[in-house]
Amino acid sequence: MVREVDPPSIQKDFLLAALAEGKRLDGRIPLEQRKIEFIFGDELGNVECRIGKTAVLAQVSASIVKPRDDRPYEGFLMINSEIGPMASSIYENGRSSDSEVLITRLLEKSIRRTEAIDREALCILAGEKVWQLRLTLHFLSDSGNLLDCASMASMIALKHFRKPDVEVIGDEVIIHSPEERAPVPLAIHHTPLCLTFAYFENLPPILDPTHLESTLCAGTLTVTMNAQREICVLSKAGGTPLSAEDIMGVVRVGVDQVREMVKIMDQALEKDRESRVIEVQ
Amino acid sequence: MSSSRIEILNDGGLRHDARRPYELRSTSFQLNTHPTAEGSSTVTQGLTTVQVSIFGPREPRQRSQASHDKAIINVEVGVVPWAQGGGGIKRVRGDKRLQEIGASIRQTFEPVIMTHLYPRSEITINVQVLSADGGILPTSINATTLALISSGISILDYITSISIGLYLKQPLLDLSFLEEQDLPNLIISCLTNSNKITLAQMETRLHIDRFEEMLNLGLEACKVLKIEMELIVKEQTEKIVERMNVKSIISSNASGMNIDE
Amino acid sequence: MFSVKTILPTSTQSFSDDILSTHRRHQAELDAMDLDEDEFGAGPSKRNIVTPGEVITSSKEYMRGHGTYVEDVNVVSSVTGTIERVNKLISVKAIRSKYVPEVGDLVIGRIVEVGPQRWRVEANGRQDAVLMLSSVNLPGGVQRRKIESDALKMREFLAEGDLLVAEVQAFFGDGAMSLHTRSLKYGKLRNGQLLSVPPQLIRRLKSHFHHIPPPCGPTGVDVILGLNGYVWVSNGTSQEKREGGEGFDSEGVYSDKNDDIPPEGRQATSTITNLIKILADEGIPLTDTLIEESFNWINQNQLPLGSIAHNDAERMLAEIVGIDITA
Amino acid sequence: MASVVLPGDSIPLPSSSKPVILGPGLAASSSRIRTPISDDAPAIISTRLGLLSSFKGKEKSEQYWVEGNSKRYIPAQKDMVLGTIIARHAEGYRVDLGSSQMASLEGLAFEGATKRSKPNLKVGTLVYARVSLANRDMEPEIECFDPNTGKAEGFGELKGGLMVSCSLQLCRHLLNSKFPVLPALASTIPFEIAVGLNGRVWLKTETVSESIALKRVIEGVDSGEIKPEKSDIDMAVKQFLA
């Protein structure tokens, strides 16, 4: 992994001076996110999410497999998130760096462990056939905060995806093609979204750090929350120590921010649905 | 989720291992348990035993990694195959989880170890889980703190760590493996003097209002752990210091005295 | 499901009552051993022991030494050890830590790598030490001028893996040691074995070269106590030979050949090594008088040379050093 | 004759007797097929996408090169660059220019530096320097003084301020006096600036918000969001400063 050269020390001095005045290098205020943009692919379940210059493409696909014997009613959700050198030269194809492991584990926890997708709804024929969803993430460019971008790309792709309608007669399974029957959306309990905050020596936290801000920061905290005011995952690994009050403050900010992001996602999905004809004659 | 196979809290208010909600598992802290490491410790909390040995600060293996103004910290986490008891669920899925625990430990201790005192050198922390019954990360962090103290490396303060669960509205402290599987589980570690949190990890869904209560309870528990650890450290240090001054006893009464057994 | 019983013989009492009362009980214990502020350097038994994060004093009237750091107004300890107070300077001497070098210290090291005009030496320090070609004696006497070919023949003098005794000459910018062996008593080590003990057990004395006279082995046993915790125990040689008097073969100063040592000599060397190991394991500071005294104790009680049984060791420690390790 | 050329295009050279100097982006074609124009002289092809530009030198020799746009800097002699010190050695420093190899900076390559009184720069310092030696096979070398005057001429350590990264082409334009961007900015915000040909610009103003505004204008021009005309720039500055 080619170690990225640290920025000159004047960058950190300037960044801290700017933050002390509540300003950031790209004109944002501390708790403001970069512009969020969604680009929908032609296939259902293929969405690219962009926060500022950071871009992640999420692709959902489904296949029918035999379930595990001790869990006959449950389908599967596999998440494949390898960060390649496409995102930035510090990531290598083979060995996964620490930051990549952190991102992969956090995505795993926030989507799979919190049961965002109802896996029992994926059951077709108990013990015989269940749906296996495969969510593949391609990290296109990293200009800071890959995690939030990836988590939003995943959730919107899962919401955008439709699986073919399936009919079971006795133990015979008929899969209807999109022309015959309208494909069916997934059963999604809640929408967990990641929010990453960066901390600097005794300065208020900033939301959605850029690449420069995350290299120079003294610690980050990621909280995954959903619109029902629930914390799904919280991960503060090291960095400057925070008081309980600091963490609670950040969590409260997270609640409104997540509602905001869910609204943006639904609007984008709505706009895409109008422009796409799914209904069948 | 399938109905919990065991009773988390029976009506008498006791947990499945007969502890009260706020009661910690029995702990045993031992220093200098590794013969050749600069610093080492073995910590047992309940049935979870972790041994940490620290080598360094020493010459880094690859000089390309060395940083010119501070020490670099490498953490390796290993679990012995029989840690989780024969058979049963394979507790640790592959090395991704271990790598994550290793990264958490490294990031937790990076701001606390005064690395600027040891430029261009490397501190290697080996964490070996000997038996796992829940709370691997908290026990590893407590063991690493003691190992650092025993190695004489300068640190700002003790870091103690604890896991906190929630059963309906009742928070539980220091979860065992079974409780960890079924309950929402928050792990925190904090600097006891300044009451600041250096690590906070939570995996399952939890409402915000409960979160604050668990956070403060965890801080309280960390203080108790620290007091306990400090007792042990001071006890052991007294023995060592006493031995260090034994020579003065010889020179003061060089005459052949007989000391009865 | 297996049920959890606290079967482990824990060395600390298990917490039976809930956390709040636990907290209260500890509070009581804490008050009992509270250290009042200005009582430093108390008697040996209650010497002031501090652990990391403990506030020692306010930093207004005291200067802070090593092992401590300043947090807003207080001096806080960053290691576990005893408080050392020298009029206005407060520092904490760690009970066990990596070797902290000072100029003039005698250290034993092993050659790790041969570099351009220099050797890298592992000397139990925070970083590898450096031995410059210009700061070593060359075979054939002290005054020989360095010539170009010396740089090419460095491996003939000292190769990777060789052991040497040297003195700390200076430090580099980042604290790495620079060694020199420009005296006849320094140089390559042979005819003995290496032992590693915690550096704190070795005090700074006038000379670190000790010779235990013959009743211990046909020609006695030489012990070099390196300040960095490396101890070299080798077969005894005569006094002048060591100090570079007659019989000192200046050509063979870098020879790798061990002389042939009679079995009694080997036995004496291993006895001394085991003695040092016992003393070090119990954390007792090593001095030449102590080692000689323990050897004489072994002799008086006609105990077999070589390895020392555990109960003999206990008796010896009790009689010579007055500590009881049977507990 | 500024026409866009693609890599591999053969370049029609006026077959005048004057010596022709080939700049970056042009190379003798190694392909064996003979180009129709001049059988004996090997055909010249472009190796880069960009504008074919030429320059009539004083000694009546002609220079041709292809003005491309890239972010990876290839060190060339007499270029003014901004470098970050990444390591210190006994006799000098290693400096990162953003090129494929790290450059070396002599400890004595400063104005009035002697064996004893050498500037003591820490790792992470940003320096403005001139490329004194650069060729394919050797590590580039840089110096912090102008060799003919011996004075610092603004070279050396840059204290405070902020560094912005942008494309090499924009840096070349910024150094060209006819380019309207800098004069337009100077009319509204007083600032100090050091432009390096390796795609890095250092700027310093009194207040933080002015520096941020400058940075966003430069990045806007670089990404094409802001057109390099005085009117657009003034409007952007007002908007960023608000």
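A, B, C and D label the chains in the order they appear, each numbered from 1.
One rule holds in what follows: a contact is a pair of C-beta atoms (placed from the backbone, for glycine too) under 8 Å apart; a residue touches a chain by one contact, two chains touch by 3 or more.
Chain-to-protein mapping (UniProt): A = Exosome complex component RRP45; B = Ribosomal RNA-processing protein 41; C = Exosome complex component RRP4; D = Ribosomal RNA-processing protein 40.
Note that the structure is a prediction, hence the values are computed from the model and not measured.
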Looking at every pair of chains, which two share the most C-beta contact pairs?
B-C
What is the distance in Å between the mean C-alpha positions of subunit B and subunit D?
53
Distance between the CA centroids of subunit B and subunit C (whole Å) is 29
Please report how many Å separate the Cα centroid of subunit C from that of subunit D, as a whole number.
57
Sites on subunit D at which at least two other chains make contact:
none
Listing for subunit C: what residues touch at least two other chains?
none
Residues of subunit B that touch two or more other chains sit at 68, 191
Once you draw an edge for every pair of touching chains, what topology comes out, line, ring, star, complete or other?
other
Chain pairs in touch?
A-B, A-D, B-C, B-D
Sites on subunit A touched by subunit D in the complex
5-11, 13-14, 17-18, 21, 23, 25-27
The residues of subunit B that touch subunit A in their complex are 64, 96-97, 99-100, 103-104, 106-111, 186, 190-191, 194-208, 211-212, 215-216, 219
Can you name the residues of subunit D that touch subunit B in the complex?
87-88, 123
Touching subunit B in the complex: which residues of subunit A?
3, 96, 98, 101-102, 104-105, 109, 113-114, 218-219, 221, 226, 229-244, 247-248, 251-252, 255
Show which residues of subunit B lie in contact with subunit D when the two form their complex.
68-69
